[in-house]
Structures are given as C-alpha cells and as structure tokens.
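The structure's right below; bear with me while I get my questions together.
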Amino acid sequence: MTTAAGCREHPDLAPLTTEELAARIARDIPPGSYVNLGIGQPTRIAEHLAPDAGIVLHTENGMLGMGPAATGDAIDPDLTNAGKVPVTELPGAAYFHHADSFAMMRGGHLDVCVLGAFQVSHHGDLANWHTGDPDAIPAVGGAMDLAVGAREVLVMMKLFTRDGAAKLVPACTYPLTGAGCVSRVYTDHGVFEPGPDGVRVLETYGTTADTLGERLGVGLIR
Amino acid sequence: MRTTIADTVDAAVAGIEDGATVLVGGFGLAGMPFDLIDALIRQGAGDLTVVSNNAGNGDVGLAALLRAGRVRKVVCSFPRQSDSYVFDELYRAGRIELEVVPQGTLAERMRAAGAGIGAFYSPVGAGTPLADGKETREIDGRVHVLEHPIKGDVALISAHRADTMGNVVYRRTARNFGPVMATAATTVVAQVGEIVPAGQLDPESVVTPGIYVDRVVRTEVRRLTVQGAR
Amino acid sequence: MRTTIADTVDAAVAGIEDGATVLVGGFGLAGMPFDLIDALIRQGAGDLTVVSNNAGNGDVGLAALLRAGRVRKVVCSFPRQSDSYVFDELYRAGRIELEVVPQGTLAERMRAAGAGIGAFYSPVGAGTPLADGKETREIDGRVHVLEHPIKGDVALISAHRADTMGNVVYRRTARNFGPVMATAATTVVAQVGEIVPAGQLDPESVVTPGIYVDRVVRTEVRRLTVQGAR
Amino acid sequence: MTTAAGCREHPDLAPLTTEELAARIARDIPPGSYVNLGIGQPTRIAEHLAPDAGIVLHTENGMLGMGPAATGDAIDPDLTNAGKVPVTELPGAAYFHHADSFAMMRGGHLDVCVLGAFQVSHHGDLANWHTGDPDAIPAVGGAMDLAVGAREVLVMMKLFTRDGAAKLVPACTYPLTGAGCVSRVYTDHGVFEPGPDGVRVLETYGTTADTLGERLGVGLIR
C-alpha cells in the first residue's frame, strides 16, 4: 500500500455500496499478492480482482490458490473456505495442515488480509470478534492470527452503525482482536489510515473530509 | 509402536476413559470423524474435554456427542456458527465449559505437545482479553504471550487413505487439524475411506507417518456440507 | 509476492549483500544448492554468516564458499566430517567463527523465525555446555532452555521440481532443511531440476508453497556422494 | 525394555564382539518399534533385527522406513542416512523435512534410540559429542535431540577405553549430551542400567558381576 498524497474528496458521489467498496479495495491490492479475505463482506473482493493480476487467495483452513465458490456438481465437502462454504481449486494450488497454515499467517508471509470490524481505533486497534455482550458466545476463529500476522491488515466496514455511532473510535470499547495492527480502513464514506499520530483520511465518498471529521469527532489528517 | 487395523469403529475407540481429553479433527464438517464419534457415544465415556476447532454443526458428529451429555468442556476457536444450536443451548444453560483459543494458537499448542516444545511465545492475542492472566514478554519490541502445549489422551481424526503401516494422506481442506492432532495425543485413531497395502502410498506425499497413528479403521465415505454456515 | 523465474543462477543470487545471513540447504551433499553457491562466489558478497547443517564437504558447494574466504561465521550442528578439511583448516587457523547448535534446535529455531514464534522452550541441551548462558525454566519437572529464532536474509535451497508459481517438491532425504529454510528468510532462492507449468504439481503433495519462494532457477541435476563420510 | 530379575553372569563366555553386541541389542528391541540407530557401531544393529519384527528405522535427516545400505546402481545421492551413507527405501516409507523429523524425536515418538558414547554416568548422564579436547572441533549433530527425545535411550559402547579406563563413570568428565537420559548400557563386558539409585548390572560376559564392580569401582546393584 502506498500512501496517496493529500485527500481525494468526492462529495458529489453517493456513499459506496458494498459492491463498490469491494471493488475499491480490490484496486489497491498489488498484483502478485498473497491475500486472505476474511469471512463475510471481504469475500466479495475476490470477484473484483483482475484475473491477470496473479493474486493468490489463502484460506486459513489450509489452502493457497483458492478459486470461486463451488456450485452444482463442483461442490466438494472436502474443499471449503474459512466460512465453510464450498469453493474450488485453481491451478498451482497447494494444501497444508492447520499448524502450517497459521505458521504462514503468524510468520508474516501473507501480503494482505482484509477483515470486517466492529470498531477500529484511531491508533489502529481492531475489535472484530466480540461485542462484549455478556449473552454472546465468544468466538474468535482466526481473526487474531490474521490481525497480527498479515503484512497489511485492511479493514472493510461501514463507517457508522445503524444507530449512527461511529465505528472509527478514539479507543475501542469492544474487546480487542489486535493492538495497533490495522493499516487502512475502507468504509462506505471514506478511506482512512489509523496510526500512532492519529487518523489520516485518503478519500471521501458523498461527503467532505471536514464533514466526516465533525461526524467522527476527530481532527482528520489530510 | 506398530499401527493396528481395527475391524470396527467400536474396537477403534475402545478404552477411552471418563475424563479424557479428546482431540477431534475437522473444520466444520470437513475432516470430522463422524463414525468414530458415533462409536464414542456408544462406548459411553463421559466428562470429556473436547479440543476441536468448532463446537459442532447441526446434529451430527461433535454436536451429537455434546447432545449426548458426554462433554464437560470444549476448547475451540469458533463455537458460534449458524448451526451450532446444540452447543449454544448447553452453553447458555451453563451446562458446558468453554475455553476460546485463537485458531492458530490452538493448532500451535497442539503442535508443541507433539513436538516436545515446553512452551512458546506468540504475538497472537497480546493486548486482548484472551491473554488475560497469561505471562507476557516483549521480544524485539513486540509483546508476546506465553502459550503452553495442549496434549490429548486420544485424537480422533478422519482422513482419505491409510496404508497398513498407518501412513495417512488427506483430501483437500479436510486435512486441516488431522496432522497436528495426530502428533499430540497418546492414542491416535484414524477413520479412513480406504486402507491400502504398505508401499502403495507415495512416500513423498505421506502427510502423517504411521509412527503417529495407533489405530486405523475403514469407514464408508460420508461427505456432508454445512447448510448455510458462514 | 509472486515468484520470479530467473534465467540464470547469477540472476537468481543478485543483490545478496556483504554481511548477510545466508541459510544454505542440504545435509552433507544431499540437497546442497551447488549452483547457487557457485553463483554466490562469483557474485562476491563476503563477511557472510552461513547457517547450514554442516560446514562443507570436499571442495564443492559450501566448502568452496568457505575456501573463497567469504564466510565470517558458520552456525551449524555438525562441522566435523571426514571431508570437512576446508572448514577444519579455517577453524584451526582462527579465521572462522563457529556456533554449534543441536540439529533439531537449528531446524526449530528457523521454523520459529518462519512461523512468527518469538521464542520457545526446548528440553534439548539442558544441562550441557550448549545451554551455557541461556535462560532456562523448569516445565513439568523438566529443565527447558529458551531458544530464539534464526532468521536469514537469504535462503539458498535445492529441490526436485517447481512450478511457475514457485510451488516446490523435493526428492527423498534431499528434502531435509529446504522446507524450513524456505520459511525463514527474507529472500528465498531455489534451484530445481525442472520447472513445470502451474497445475502440474499435485496440490496435495506440494511441500513448499510458492508463497515462500521468491526466485526459482532451473539447473542441471548434479548428484554427488560423500566419499567415505560418516 | 523390561528389567530382568537378578543378573545373568556368563564368566565362561568371551567378552562380546561388536557384532555379538549388536545382535544382543537387537534381541531387546520389541517388535513393531520405531527405532533410530546412531551413527557408527549402532548402525550394525539393523542387520540383526528379525525381518518379520516390523521394526521401522528412522533417520533424522527425514525418513521413516529406511532400508539397508545401498550398493551399486541402487546408490542415490538423494537418499542417505544420518551418516551420509547411501541407503534404501522400504515399502511404507515416508519422507519429511528436518523440523518435522526433529519434532518427532523431541516429541517422544521414537520408541528406542541406540547411541554410541564416550562416557555414561552411574546416574544415566550421557557424554558422546565432545571429548573436551581444546583442539577438537565440536560437533553435536542430532545426538542431544535423540538423547532427550527417544522413550528409551540405549547406549552401545566398549566398557573400557584402550587405556583401560572405565567409560561407565561416577560422573562424566566430558561435556554432557544429556542429563539422566540413558536407560540401558550395552557393552562388551556386560549390560547395565544406570539410574538415580546407582548402576544395576543385568548381564556379564567373560567376567562376573563382582569382578566388574571392582574394575568399575562401584557397588553394582544386582
């Protein structure tokens, strides 16, 4: 990920749809990257990757070279993604066991992962596994391993909850997944880079950086 | 010692004791040793600690073991799924203990048990509630958490093929936790779709060598998909 | 990032810098990347730290690199062999540093580097001079030694075949340190006897996935035996 | 290894030759065992294992199911034992890399290893990698891993040096390979079990337990 100079504001555009956001993120993934797309919305990014970009998808349940979701006769219960959805195999794929798969992740070999989030802090802390609701059953899966291990941890999320609360926050109120691990946050309203010095805004959609800063209650760095 | 070929799944799970720690292979349903679990339910051992990635899907496999009331505690990374209703009910009723471990740490802790590593420092989970109460150490400017091995009394795994010496190969992502669990338990039982004579598996492609496998049993291939699970 | 196919061994080793830590595959001569080492000698980098199981056999491969005076320090488990005369002379003349590491600890420390493990406790070497000055801890009644990762700037390995995506398979015991070194260096260079199109290697049998391999180069197969070595 | 009751003395026999000693050790290795035979004399044991005993040999450079030394056209430089000697492959063999091979050793999965030794202490400490000679080039190989990892560590050695000094000693004067790791010591003059309470003698060859105890300067437990 290279940091763009300044902020590109697009107040005239509508906020991005999920599909547009997936396409936006896909454009930022360098050709030849090894990428893990988290369960949920980030899986949509796969459909927007250029077929000739040589991007190789990793699934933490033991595979590199994962292809699109399987349909019909191609469904093989022995071949699923991390969300347990049947997928396919591309030429040049490789299978490995769980300890090797997570060694690969924790060892910093994946170029990029894209995760959903409940909250990201201005300093890049990530909360995406537990709402802290005492009634919720905690389940972390591979989220902490990805958050710590991938060279670039990108977040794909809506910027505000349905109630209008910001999900880019001064400090996460939900339990953390990883501390200071997020490189970039892609949202329907804009793209941000959290960091030790605060939040840089790179792009806005359907709004201006000033307006966003006011809604988020933070002085955004241009 | 030499791998034995069991005639039945019931013989394959004989001797599992109440209170045992049982490593159960599979990621969702892929690689889940359905037949061994069914045999374990018939065998009757209870008060079990089950170590597995998930806490059961639907009504089969691990979910059936939970429903039978044989499990005291589940150690896993991801209990909550669209079809984990058996676990969910037990958990909300306070009838089952849960230890949530990050998925890679779960795998690595079992690897450590199998590889004779006394403990290891991992950066995963540092600064999160899952590291609460754990010893930490800063290494190269990064906080690491001290993690300890998870050793099983028994491992139940499902694989594609075995030879008569207990060498095992897997199929696609059904490989998942099988190989690491096979290293981490005192008694390792594998159900496989086919058993071939020694010499029929390519020695370059054996994933779990027979040294790790105590009992092998052939079972019919049952490939189930998770309905709508994410 | 994507694996590149180098046209020549010289292109494959370009950019290795003075003072680099170089992981060199092979156990004796099996799996020794002869051609990459010859290219490294031509390339000229010096003041190297070499991590390898042995310290060279006869006059070829690692021994030739040592004779060329490019190596400041060797980290290995077993320097002394019947035909390690190049190393022996340099060592006795005080012209090379030696760090002896138990063979499994050598492998595991590289695995740790590749697997993001900050440090680990091993029972190997406890109570011996090789643990002198190392932190120890008693775990389950057994003394363990704290061991740290060994990370390479470069790994040079030799393998059987690769595909165009950098997936690699090995042959028999020439596999040895290749797979673990491939995980543990910033830049990984593999010489292979054959490069095939992606899709030609069985995905179940890939030993080193392409994610670990930066450069692949095809070389003629040279299989050498150690004369009388034990 | 089961402990025999009492000591079988064979004062009438000659001390065992290396080949007889190898055969003696082979008889004690249970059928179906996974075994690592150390570099040097212990490799001779392989020739005395019953072919139908189903004993599988491990070599630490990444193989189970190692066969006899290769000769003629069967020599393959890619297939050697830990001593770099070309060997062969038996049906049911498996190859693996060094980290996996030593995980197998350190993890306690090998039933038996047999090692040579410079010295074994009465308490089972092993010294077999370094004479402490300041001129010697230290080289440990996989000896420490085997000493710590195998369930039973057997030693095969001559009981006395050429100068007549005992190699079964109150405390090793050479640098240790492992502490308290040796289960049993097979020598040309007798078989011993070192341990926390001292040395038990199980068999003697060409001598009596009393005579051996005097030469070793230790009260041997029968």
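Order as written gives the chain letters A, B, C and D; numbering starts at 1 within each chain.
FYI, contacts are C-beta pairs under 8 Å (C-beta built on N, C-alpha and C of every residue); 3 or more make two chains touch, one makes a residue touch a chain.
Just so it is clear, the model here is predicted, and its values are computed rather than measured.
K.L.:
Does A-C or A-B have more contacting C-beta pairs?
P.N.:
Taking the two pairs in turn, the one with more contacts turns out to be A-B.
K.L.:
How many angstrom lie between the centres of chain A and chain C, each centre taken as the mean Cα position?
P.N.:
35
K.L.:
Taking each chain's centre as its mean C-alpha position, how far apart are chain A and chain D in Å?
P.N.:
One centre to the other, that is 55 Å.
K.L.:
Using mean CA coordinates as chain centres, what's the chain B-chain C distance in Å?
P.N.:
33
K.L.:
Quick check: how many Å separate the C-alpha centres of chain A and chain B?
P.N.:
Those two chain centres are 29 Å apart.
K.L.:
At least two partner chains per residue is the criterion; list those residues in chain D.
P.N.:
Residues 89, 95-96, 103, 105-106, 148-149.
K.L.:
Return the residues of chain B touching two or more other chains; collapse runs of consecutive numbers into ranges.
P.N.:
Residues 108, 111, 115-117, 122-123, 170-172, 204.
K.L.:
Draw the chains as points, connect those that touch, then say whether the picture is a line, ring, star, complete or other.
P.N.:
Topology of the interface graph: other, matching no listed pattern.
K.L.:
Which positions of chain A touch chain B when the two form their complex?
P.N.:
That would be residues 39-40, 59-63, 75-80, 83-86, 89, 95-99, 101-103, 105-106, 125, 130, 135-145, 148-149, 175-179 of chain A.
K.L.:
Touching chain C in the complex: which residues of chain A?
P.N.:
Per the touch definition, chain A meets chain C at residues 30-34, 54, 56, 58, 64-65, 89, 91-96, 103-111, 148-149.
K.L.:
Enumerate the contact residues on chain B facing chain C in the complex.
P.N.:
Those in contact with chain C are residues 108, 112, 115-123, 137, 139-140, 142, 144, 169-172, 202, 204-205.
K.L.:
Enumerate the contact residues on chain C facing chain D in the complex.
P.N.:
Against chain D, chain C makes touches at 27-31, 53, 57, 77-81, 87-88, 91-92, 98, 100-105, 107-108, 110-111, 122-130, 143, 170-180, 207, 223-226, 229-230.
K.L.:
Provide the residue numbers of chain C that touch chain A in the complex, in ascending order.
P.N.:
Residues in contact with chain A: 1-2, 111, 113-117, 163-165, 167, 183, 197-199, 201, 203-204, 206, 209-212.
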